[in-house]
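When the chains are written out, they are named A, B, C and D in that same order, and each has its own residue count from 1.
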């Protein structure tokens, strides 16, 4: 998502404390509260109404890693961040400009991210002795002056909620609508339309009219609290963005991956078979696909990751568009079977939603540490194509592309995503199904050898693919397997020259895909000294940092890789045409290693492994450092 | 094994057809026959008597890949090659100078390797109609002139055997001793002493005196056949080698690995626990270790490779020297668990006896294709040390070294071998156990934290290792696991900075081992333009090729890597001090990739993936090509 | 399909069969090939999937579709194939190491799911291909290359394990007995769902005569307990022995010592697997009287048909298309 | 060791326990901690090994040695530990997904080998940690995130599976019933070898009330079949129901309708597992009368002690050292 015009994407002008309306190009808001406080709901509604209003946006939830920690404790805090803008963005923002903290624990775990002078909205009634103790505060931060550097808004949300819903619900569920109070207040503060929220609430809780009534009463109470008590406060305004015209929907990376697979199955005219074993953060792909049996999707929750890939190799042999998905620990287990698919030359997409490793690591945190593992994580000479998604809105297209390559070249393809893409969401311009590419390939239907013999390893002249002959096709009965096969006939062969030939053929088949993918595109100031090169989920942040600097007059070019193997055919030339190359990645320098090995071109790195995405500022600072070096 | 003086290691002067004694520096002999013909036995006896005679030697068996193919067929052929020399060699030779073919199938599958003019000994009576048909010969090659270019010796082995054993055994077992006839003839041809063969036979078949008698009668009959019928023929003489003084034994790589592990356990003063699941070509390590319960070795044949490594991780946690071994497909399955051991920081040796891949590949053929897989075959940032054995006689030392690093640095270590090393054998100078290095490390015995707390991730200042506190130690009760751990305390931590710190610490710990290993040594002409760099089993061939060329006046330097991660500290400087670098490896260029990525130094490659080791001639030719380029 | 006329050679591929001479695998291959000529399924609809091992070479010799996969994973590949292509007849050929050691988990899951695959487990109580290590069905104390002092682990009883895994069809047969093998295959094919067939197979190279109690001329008559549906379980050359349920477990008695009404009448179709399980305990490693035949054969929905049914049901609830999917989470328009 | 005096807090680590409030795991933790105060094993000799899952967090909360490993593999790690260190008391804590889905193979092999480990399987019939997918013990038709139209696979009965895997000790208990849990733990510890204990554990977040038939005030009296060694199996508030072996299988009858002699007298020590297996079939997913207690408890050599014994035997045959090993294949001297 490149913006035609360059804007300042980081920082936001200070909201004036007693002005009228503060116009902003973009703003980042975070909702933080206990897991039971409904922060995901509030955040998502805020996103929806902003989308309907016409902003571009990007959201990112942060769930607690713990199971379901006791209410009010630090590990129980859940949050949801959203950036809204009047132009085309691709990140959930650096530091929030505005934050909601529903209790002391939420404040404690999130405050360090709020930018200086930012707006802080708290439920003042949650800062009682018990709440403070659970969060480990000795004194109330609302009293001790420690929040002086922020624009603090205290709202007695419990009271407001109770009053608003008094005649609608009773007992313990009274306070459940507190998140709607917060949401209402934010809707006022940012001048968001209530209509989309109301419609959603009515349909979501259609079967529970009391809940609808309570929530909407709370919503309005929050909105009115803004109008009545904060009249002197400046309110914020982020104008609609001028996105390319079209129909949009809000999509997370995991949903996009599931939809991308369904779309690929449509484009390939093949039934989709998805085999998986649940694992964070890939499980939601399985969940989403399992819902779409009407679209003919078969999902198989296997006993483990090996069984999952085994099943999809079987489905591929049988003629399905076969896909398995997992994350690091599970992908490790698939290594041996990927190698089988590779030598059996069967099409397969292997989705890896990367998370922080090694071993179990930090399952809910993103990292880009599986690049070298994707390239080299199999015994023997076993090259295969690797693609990486960049943002939620890019996932559908990248997924279709992965499937296209798998089918056309009869090979397993690794498709990388990560925790950040998987759970982040942004508007996605919905294509017409009819406009999607045709990626179908024909099955073999007749013998291809002398005397009516079928030769399963007689390769296509252009693609070097072997024919895909599926069981049920009369006359094409044949056997394949993991032992080395004789070229053309596919019979077992221990012949030395044949093994060399087959190894070379498999390598060449994959390398040749470089001629079937677009060259890497360079953006920004093409005649710069420095090229910033990225891959995967750092795209949004990297692009924003570079565009800002371009606007400020710095000469920087930047490019982003969707194809990690083979690399685009022009990449070597591009890299060598810049004096300096900087590669920001959430690992210790894996793409840098690949670039050095492939092109003997040195590169600067910006590497971090903290389980958090890049901030625009981090990339900006490093670029400036490299420029000066 | 570097030779102090340089000799011509390839080629052998033509044996003159009717001279008396042809002196040779080295000679390569191959025994080929049906799996049932006892070729391995004959080859091994020939090796033993040569060793006793004082030659240096290297042997390599080649078993049929097939189960036990029908007698007399091509897939049923088994062979055994041996090179003997009067100086220090490390290969089983290129093309044989002398070959025994017990039947037409053996001739057909082996003849192409025999050098022009070489000596070919056949059992003429096996070339009957049935035998020829099974091997797919239309006419007998003994008759049709196709063997004219060789020095053919036809021996009616069936008759000789029958006559020799007539009074000793009867029925179907009569012909069993044929291999001793062939062996006896070769003993005459190469003037080997019969004594070691006789002693061995007597002890091996001690319980079957008839078998001893029959075999020895056949042996003498073969020897006498040479004396009586071939009086005019020149016999060969390879003088004893001047090896460093000491006690020698003949050892295969797999046996050496098993013994190396037992030695490491002795040097570490820890019990050895070996968990494995059978797989070609690693199974023999398990078999050998299972015999040595008297030395306290525990072996565990697990249900699969995951269980095998799981068990040894458990044993490591409990304080054993823990080792697992497998080959490509099985190593793939261990990836997830290796990652656990890495983050739990437990010592472990993971042996990978490489074989041709991908997938099942060619299980009985060697390849060096698992280098990048060893370096990068795990999700997340998961660096670990990688060492490679070079020749059977180098294995014990390399194995002890792998264990030393694992224990000292509390890390899994990958130890690479391959099919060629595993089954090849050569003389190994036996050390005194008392002279072996002490590699023991102390267990933690007392709390290391304030207030008597035990801190499992409080690192040693020098090695960055954490303490190894084993269950049963009072007061050190602690918990470890695969989730990211807080530095020092080892508690679970999702803290971003901590994850960065721990990732860096793990990386630094491994990188720092470079200061604890010897620098790479350069041999040959140090001021040359070209450095030939190798690793693993290509050492012998590479060294031989380089030494020959040095002797011929070519300026070449050469070096060999035992440590693949971390690389020796001086390697970058060494590489950059040569204009050209050539890396021969049995893969498509994996060390070359590593060298380029690490040092931005280009290198020429000599790569082959045929499931066969390098020939000296291949390396020689490529060196000359590179020199001229 | 019943007018298919095949001969055995139609099921023989052009590959030379390469087991050791005398291996029991040859006989099973012949039995399966003969059986398939009668099975009524077109050759092109048959797929044989195997793992790794001597037995796992099987698909190469069958002129059907075939897939020689990786060690232990054949049931998973067959599961994906059978559930994505319910029109196929999917067979798994596996060994005692392949199925019960590395592949044990996939086996028990395929059985509990009742995937429509026919599993032929060639049990030779040894690892053949890797040249003779003990397997999870080898008897305690077995001396092999990896256990020179004798193995120390108690073996599985594959039939008990399958029954404990909720298998809907469980049988056992013998390599040498072609008729019995073909009878069992017939029952397996008539059964809808997963069928587990243990085949005692002689490895004459690494574990010769492991089943001599059932194949030896002298022994076999006394030791083969032939299970036949609806028939009292009597055995021995002249029916001199029988099986009764006593004190909650199947026991062998002299036929003459029991009231004929007491003799167990074999009923593999019992929903409750208790009796089938108990029968499986009459032998462990087969050195004495050993039951052969179909232990259990009940009907239960198959995984593949249920998967298919959910799709059909969903589609019957109304049409769906990609455009509708893309719009399903709510959309807005930018003009 | 009997003079060890521990209190529960000696077994509590300094880590805050972080399961969902109300989770059954808390109760089991308390039961185990209390039990261990009486076990007579020094704390430093106890190791708790777990895989991944909610239950698998267990070791962090125990002030013993602990190892939180990877998903499904705890039995393998425990096997290596227990067989290399027979002096330790090794415990495995696992879930229904961890032990029966990804880890099924290791479980059944650890059981057949009779490794001296105590396995606590927290069966909540759901994947808790990954937030609510169905598991291999979930009932057919279960609607979860991954099965919005209902699951279609037939679940395992963990007790049947364990018995089919040749387990020497098999028991079942309930999270809520601390006394029963501790009784079962006691039996397990007195048993030498592997002990398999299924613990029905309520996941109040993703699968609440799965065991209501056994925990509900109204239901529990009627449904808990309490197995007690040497006692006739009668149950129900006033013993109104009983179990008899009939027609080869365990069946429930009104106590009043049967001759008291006919009532099954529970004997977990029977070598033949048929009756234990049959008892396990009285319930599948526990929605009605369900047996609790020790199903099977026989003695068989443990893998670890046999491994140790082979070493001792070998060493008794004479001394060995490294120099002898190096010389064992014959040597020659070069001077």
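Following the convention adopted for this analysis, a residue touches a chain if its C-beta (ideal position, glycine included) is under 8 Å from a C-beta of that chain, and two chains touch if they have at least 3 such contacts.
Remember, predicted model here, so these are calculated numbers, not experimental data.
Enquirer: Which of the two pairs, B-D or B-C, is linked by more C-beta contacts?
Expert: Higher C-beta contact count between the two pairs: B-D.
Enquirer: Measuring between Cα centroids, what's the chain most distant from chain C?
Expert: Chain centre farthest from chain C's centre: A.
Enquirer: For chain B and chain D, what's the span in angstrom between their mean Cα positions?
Expert: That gives a centre separation of 45 Å.
Enquirer: Which whole number of Å gives the spacing of the CA centres of chain B and chain C?
Expert: 40
Enquirer: Mind checking the centre-to-centre distance between chain C and chain D? Centres are C-alpha means, answer in whole Å.
Expert: Between these chains, centre-to-centre, one finds 29 Å.
Enquirer: Centre to centre, by mean C-alpha position, how many angstrom separate chain A and chain B?
Expert: Using C-alpha averages as centres, the distance is 47 Å.
Enquirer: Return the residues of chain A touching two or more other chains; collapse runs of consecutive numbers into ranges.
Expert: In chain A, 293, 303-304, 329, 336, 340, 344, 359-360, 481-483 touch at least two other chains.
Enquirer: Give the residues of chain D that touch two or more other chains, as numbers and ranges in rising order.
Expert: In chain D, residues 52, 70, 101-102, 104-105, 109, 136, 149, 307, 310, 313-314 touch at least two other chains, as defined above.
Enquirer: What residues of chain D sit close enough to touch chain A in their complex?
Expert: Within the complex, chain D touches chain A at residues 18-21, 23, 52, 54, 57, 70-72, 101-102, 104, 127-131, 133-134, 136, 145-149, 205.
Enquirer: So in the complex, the part of chain C that touches chain D is made up of which residues?
Expert: 101-105, 108-109, 112-114, 136, 149-150, 152-157, 160-166, 245, 247-250, 264, 272-275, 277-278, 281, 300-301, 303, 306-307, 310, 313-314
Enquirer: Which positions of chain A touch chain D when the two form their complex?
Expert: So the residues of chain A touching chain D come out as 66-71, 75, 277-280, 283, 286-287, 290-291, 293, 299, 301, 303-305, 329, 359-360.
Enquirer: Name, in rising order, each residue of chain A that touches chain B in their complex.
Expert: These residues of chain A touch chain B: 65, 327-329, 331-333, 335-336, 339-340, 342-344, 354, 356-362, 364-365, 367, 369-370, 372-373, 375-382, 481-484, 494, 496-497, 499-500, 503-504, 506-507, 587-588, 593-594, 596-598, 600, 602, 608-612.
Enquirer: Can you tell me which positions in chain C touch chain A when the two form their complex?
Expert: 13, 15, 42-47, 49, 52, 59-60, 62-70, 73, 75-85, 87-88, 105-106, 109, 307, 310-311, 313-315, 317-323, 325-327, 329-335
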